[in-house]
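Paired with subunit B in one complex and with subunit C in the other, subunit A is shared by the two complexes that follow.
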Partner chain A sequence: MNYKKMYPRYLWMVPLVIYTLFYILPGILGIYYSFVNYTIYNDSKEFVGFANYIQMFSQNRFRVGLGNTMLFAVLTTVFKNLIGLAMAVALNTSIRSRNVLRTIFYLPVILSTLIVGQVFQAMLQPDTGLINHILSVFSSSALSFDWLGNPNTAMWMVILVEIWKGAGYCMVIYLAGLQVISKEYYEAASIDGATAWTSFKSITLPLIVPSISINVLLSVVNGLKVFDIIIALTGGGPGMSTQVLSTTIYSYLGSGALSTGCAANVVLTVFVIVVFFALNKLFAKLEVDH
Partner chain B sequence: MKKRRVMPMLMAGIFTVSAILGGCSQGGDDKGTDTQKGKEGSQQEASGGDIYEYTKEDLDGRTISLVTSQDWWKDGMQALVDEYKEEFGVKVQVEILPSDTASEVIKSKFTTKELPDIIMNSASPAELTYMNASQNLEDLTDEPWVEKLNSIDGFVDTDGRLYGCPLAAQDYWGFCVNREVFEKCGLEIPESKEDLVDAFKVLQEKGYTPFYFGAGDSWMCGNITSSGVYADSQKDSDLIQKFNTNEMNYGDSESFNAMLQDLYDWSKDGYFGKNPMAQSWDGQFAAVADNECGVLIGLTSWFNEIDAKYGEGTADKLTMIPYYIGTNDTIYQSTSTQFYIPKDGKNVDVSKHFINWCASDENLQTFYDSIGAVSPFKDIEPSKMTAPAKDLLDKLSDGTYGVHVSHNSVIQGQDWDSFCQLLQEVVMNRYTPKQFCDEYDGIREGICQSLGLEGF
Partner chain C sequence: MKAQKIKRTVLAVFMWLLSLIVLIPLLLIIINAFKSSAEADVMTLKLPEVWQFANFAVAVAESNIFRTFLNSVLITGVSVFASSILGTMAGYSLSRNRDKINRKVYSYFLLGLVVPVQVIALIQVLQKFRMMDSYAGIIFVYIAMFVPLSVFLAYSFVSSVPRELDEAAVMDGATPLQLFFHIIRPMLTPVIVTSFITQFVFIWNDFQYPLYLLSSSSKWTIVLGVYKFIGQFGSDWNIVCAYILLSSLPVILVYLMGQKYIISGMVAGAVKG
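Then we have the complex of A and B:
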């Protein structure tokens, strides 16, 4: 081995120091603050044990935020992946317009969330919104329906927009997974008389488990941490109907309850880590070699 | 060989750490030096003469920063800023925050101590609490313009000191009756809550939104509760003290619960329209102009905005009546926004000079003429005032109507954003008054404990 061509070993210290200062230290400070009574109203940081956690779990707004976060994460993960996979399978054929269609379906991913929020806010406006104008063809009462202002529909609309925005991302990863599957498998199955569904179920699905794994993991983690699309579309309202964990944390910090905000953040982090490892383990079992 | 590797490693480590820490400390030093310089500068300038006697020569080329909200920043104030630059050569850099996030941004500026030279903010105790006025803000009690105020009682902090200049409208809020709609429905101006509820029924039958109150903007839900504890406080003079010492809370207040119950019931009965959450403060303008509703919430300076938007005289069809909700029958006198000067600013002297200049008789008159609103300064009356505002002031001065200040201005430990958000849940009938009180009293208790209030 030619040692002269290797980077000097001490260089590992640079990322270590940067990572420690900007990632590990703030994380540790966050955990520390969650166990003290730190607010913007005073400078004292007395140890209070689990008081912030107990107070937080006793509040309905935290429980509502937790419930909405789980609903959002599960539904967006399922539908983004189903739609993404369907689009990928459809565009993995030799149709002429496939490149144009791939670009069109991927386009929402590159748009800024705030712009998507503004566009959908305008589209979902009562009386003036495009969606209501289309629906009013079928029912005149639909024109004045307030999709984002109604507590029964607001969360569903946010979920729908997120699916619209994120399905293209899943599609691209699935396309990459589909393209490495050898055509020979399908030819052999075809000779054996397998139907399209059987081929999909027995060849495609098992061989794209790594793509499913990465898509599901990313979708779940992003779903659990969701913040921007909620702020852009509803601001967490009306009332608490679209509050999620991140907006609840924002609300705690905004109201000066810094320690309670840190406690909520710790809960969210632990939650994300647990879900991530559980899913990772599950998908590791399902993976097969080509 | 080993020695050769160890030395560079050690050196690189030391350089990396010292570079990062050095970088941090360099920034800190700079900041410290700047602040120090600023302070020294201010002191030198102040000691060099009376800051209120500064001329263009003393001030030319200096810049001060000012943070405000879109709702609070009026054309009249911008005109003063432009005029000040013209006269003294001082550039006032104005950062206008969006109305819906201003309160949180200002709060975070106080948390991080990244404050401008002048900050415009609401003057309720909730704000004074997180601003920690005595520690963070300049005491303005002895400023020359203070003697021009009608009274400083409504503007001082709990320590009796004045930390802000109320260079804004002294507003009065009330329920606004649209007389045109009422006349079409054969209704008289309500003189009690019972009259009002009767009118709601008729308006509903005739296809109008009986009461448009912009509930989609959560702060409007907070606004409608301003009178919540007023009736109780009339019966018990120690009521506020009891709130602030944990002897009682919102759940214990009869008048507050009566108000919440009305909010819940009126929404359930459809008096706020089919979907109150689709209503907004901005939407009220069109609701007035297009005669969509019978009653809404308004304030004295708002009439000018209606006239400006829909033409002179549009607001004349409105008549202000008290907040007839719960057991209340009074008009809401709001705390105005104020200009605050953070203590650690580099330009305290110029900031004080600017505010004092704004408070000259001539500038005050120009400013209040432009906003056409009631002034808290002596002998400053806008030359032009809308008919409904004038009518209300007459009724207040002859005692027809009394006034209340909002409960959140006098009861400590408020988390206004959460308060308003939970109220939206009441308006949507997803929270009962009891559920609201249980949840909010818990949130407030936590804040009062943090504040170290006695009894919590």
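Then we have the complex of A and C:
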């Protein structure tokens, strides 16, 4: 049979054209813009080398954004995974209501991040928010604390809300991983007198490396690209205390600094690619080791 | 055995307490949606003194919530449908005929799974095409973003469909498109459903691209509508809560009805992706 005739190239032509025009072309243009002096006031697009990058790295807006992006990606990944794994282990037992619980814990995942952020923004308000009303039971001064308006706490709140929203996703991936582990391993281990912790460490953990790998990769990559939750909770403020790379790009666009915004976007891209391949390599090695 | 049972009960109680952390914010929105404006100034879980059903009428009258809902249906529906079908068709043909060109094309598609979008340059491109602030523009962007996932999922799954099926169909005179739509596509239903659900949840809930690409209020999606509504009615949280409740209800209902398929579909999308 002639494969070329059976599977002609026009079967992938249409998506290829759409993908090239609306994904790859902006990608290449973005790199190009980052090396010229393009603003909404200046369309001349003269080559300036790395000037945009050098200028950007000297700006607080970008440096804070870069730092916050890394902090956000690392902390949300760690806690979403720890909490998700703990919930998965708890629900992988014979609790009768485990299906209902799974449905509840997964619910935040299917809600819009923007809406979740707006709801928490209301809950975290000083004097009127529910969270301070609960905390004021323990300490009367807590009522008027402004979690999102204080530069020292705002970023932590953003991270907490993201953990609230994302832990359920990690949980279902871990549950899927746990459910394929044969019960016999645990029976054999308990005959040998292993404690619950030892069998978790030497049976469960090595066997769920693939699930860990997926969860960590997805959390880190999505964490580096974070945007919606920041806009909903703080808009990048107060001051610049919760700026991340994506919101920096948004604010460069708003102020008309198109080339600088593209440079920031290129940095984000490089970051995502490097982190993705480094983690991929690490997990590939871990999977082989076991 | 008895100790086991006590342990299990304690665990169940603990998990139910933990579930309150998820449920309380939702409950808060429901309760406050029925309060008067003055009562909702302080957002607590106290039940309203008089249940204000009129809040929902105000939320609907003061906004174009139905319009935003229909916009979301249109944008999400067309994008998800097109990228699932087009991507699956591409993934299938690339997987079946792995010659030199097709292997290159496949790697080229995979780039899109990792590399983030260049937003500012994307806006420039859409302006050149006169597609800013248009349904077509944002739909093409979403298709381009998600075609790589569909290609990737179909590419690996097609190997499990026996080639003899293709050969028999061609013997019977099927054209390449008939072969795909009548013979192969039904066999790929699980993987199409997976890409469909994964993309649907993302696009329906997305805020970033509507914010960047849609400016006129007649084209806003439901999520962008919530954002703009809060900007306008931020002081009346009873009305805002009613609006949030109305706009989230369809998603929650669909989720509760199909949660088994939605969760397993999204897990499959992640595990293979």
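By definition in this document, the second predicted complex is superposed on the first by the 278 of 290 C-alpha atoms of A that agree within 3 Å, B and C clash if a C-alpha of one lies under 4 Å from a C-alpha of the other, contacts with A are read in each partner's own complex, and residues count from 1 in each chain.
As a convention for this text, contacts are C-beta pairs under 8 Å (C-beta built on N, C-alpha and C of every residue); 3 or more make two chains touch, one makes a residue touch a chain.
Not measured: the values here are computed from a predicted model.
Engineer: Could you classify subunit B and subunit C on subunit A, in the superposed arrangement, as clash or fit?
Structural biologist: fit
Engineer: Which partner reaches more residues of subunit A, subunit B or subunit C?
Structural biologist: Partner touching more subunit A residues in the overlay: C.
Engineer: Scan A:T103 for contacts with subunit B and subunit C and give back first, second, both or neither.
Structural biologist: second
Engineer: Give me the angle at the C-alpha centre of subunit A between the C-alpha centres of subunit B and subunit C, rounded to the nearest 10 degrees.
Structural biologist: If I round to tens, I get 80 degrees.
Engineer: Which partner chains sit in contact with A:V221 here, subunit B, subunit C, both or neither? Use first/second/both/neither.
Structural biologist: A:V221: touches subunit C, not subunit B.
Engineer: With both complexes superposed on chain A, which partner does A:L21 reach: first (subunit B), second (subunit C), both or neither?
Structural biologist: In the superposition, A:L21 contacts both subunit B and subunit C.
Engineer: Given the touch rule stated above, what does A:P8 touch, subunit B (first), subunit C (second), both, or neither?
Structural biologist: After superposing on A, A:P8 lies in contact with both subunit B and subunit C.
Engineer: With the two structures laid over each other on chain A, which partner does A:T93 touch: subunit B (first), subunit C (second), both, or neither?
Structural biologist: A:T93 sits against subunit C, while subunit B stays out of touch.
Engineer: After lining up the shared chain so the two structures overlap, which partner does A:T39 touch, if you call subunit B first and subunit C second: first, second, both or neither?
Structural biologist: Only subunit B; A:T39 stays clear of subunit C.
Engineer: Just the number, please: smallest Cα separation between subunit B and subunit C in the overlaid arrangement, in Å.
Structural biologist: For subunit B and subunit C in the superposition, the minimum C-alpha gap reads 5 Å.
Engineer: For subunit A, which residues belong to both interfaces, subunit B and subunit C?
Structural biologist: 8-9, 11, 14, 18, 21, 258
Engineer: What does subunit B use to touch subunit A in their complex?
Structural biologist: 5, 8-9, 12-13, 16-17, 20, 100, 104, 107-108, 110-111, 129-130, 132, 216, 218, 274-275, 277-278, 415, 417-418, 421-422, 424-425, 427-428, 430-431, 435, 439, 442-443, 446-447, 449-452
Engineer: Name, in rising order, each residue of subunit C that touches subunit A in their complex.
Structural biologist: 8, 11-12, 14-16, 18-19, 21-26, 28-29, 41-45, 83, 86-87, 89-90, 92-94, 96-97, 99, 101-102, 105, 108-109, 111-112, 114-125, 129, 140-141, 143-145, 147-148, 151, 166-167, 170, 176, 179-180, 201, 204-208, 211-212, 223, 226-227, 230, 237, 240, 244, 247-248, 251-252, 255-256, 259, 262-263, 266-267, 270-271
Engineer: Okay, in this complex, where on subunit A does subunit C touch?
Structural biologist: Result: residues 1, 3-9, 11-12, 14-16, 18-19, 21-27, 29-31, 33, 87, 90-91, 93-97, 101-116, 118-120, 122-123, 125, 127-130, 133, 164, 168-169, 172-173, 176, 210, 214, 218, 221, 225, 227-228, 231-232, 246, 249-250, 252-253, 258, 261-262, 265-266, 268-269, 272-273, 276 of subunit A touch subunit C.
Engineer: Would you pull the subunit A residues touching subunit B in the complex into a rising list?
Structural biologist: It is residues 8-11, 13-14, 17-18, 21, 37, 39-42, 55, 58-61, 126, 144, 146, 149-151, 235-241, 251, 254-258, 260 of subunit A that touch subunit B.
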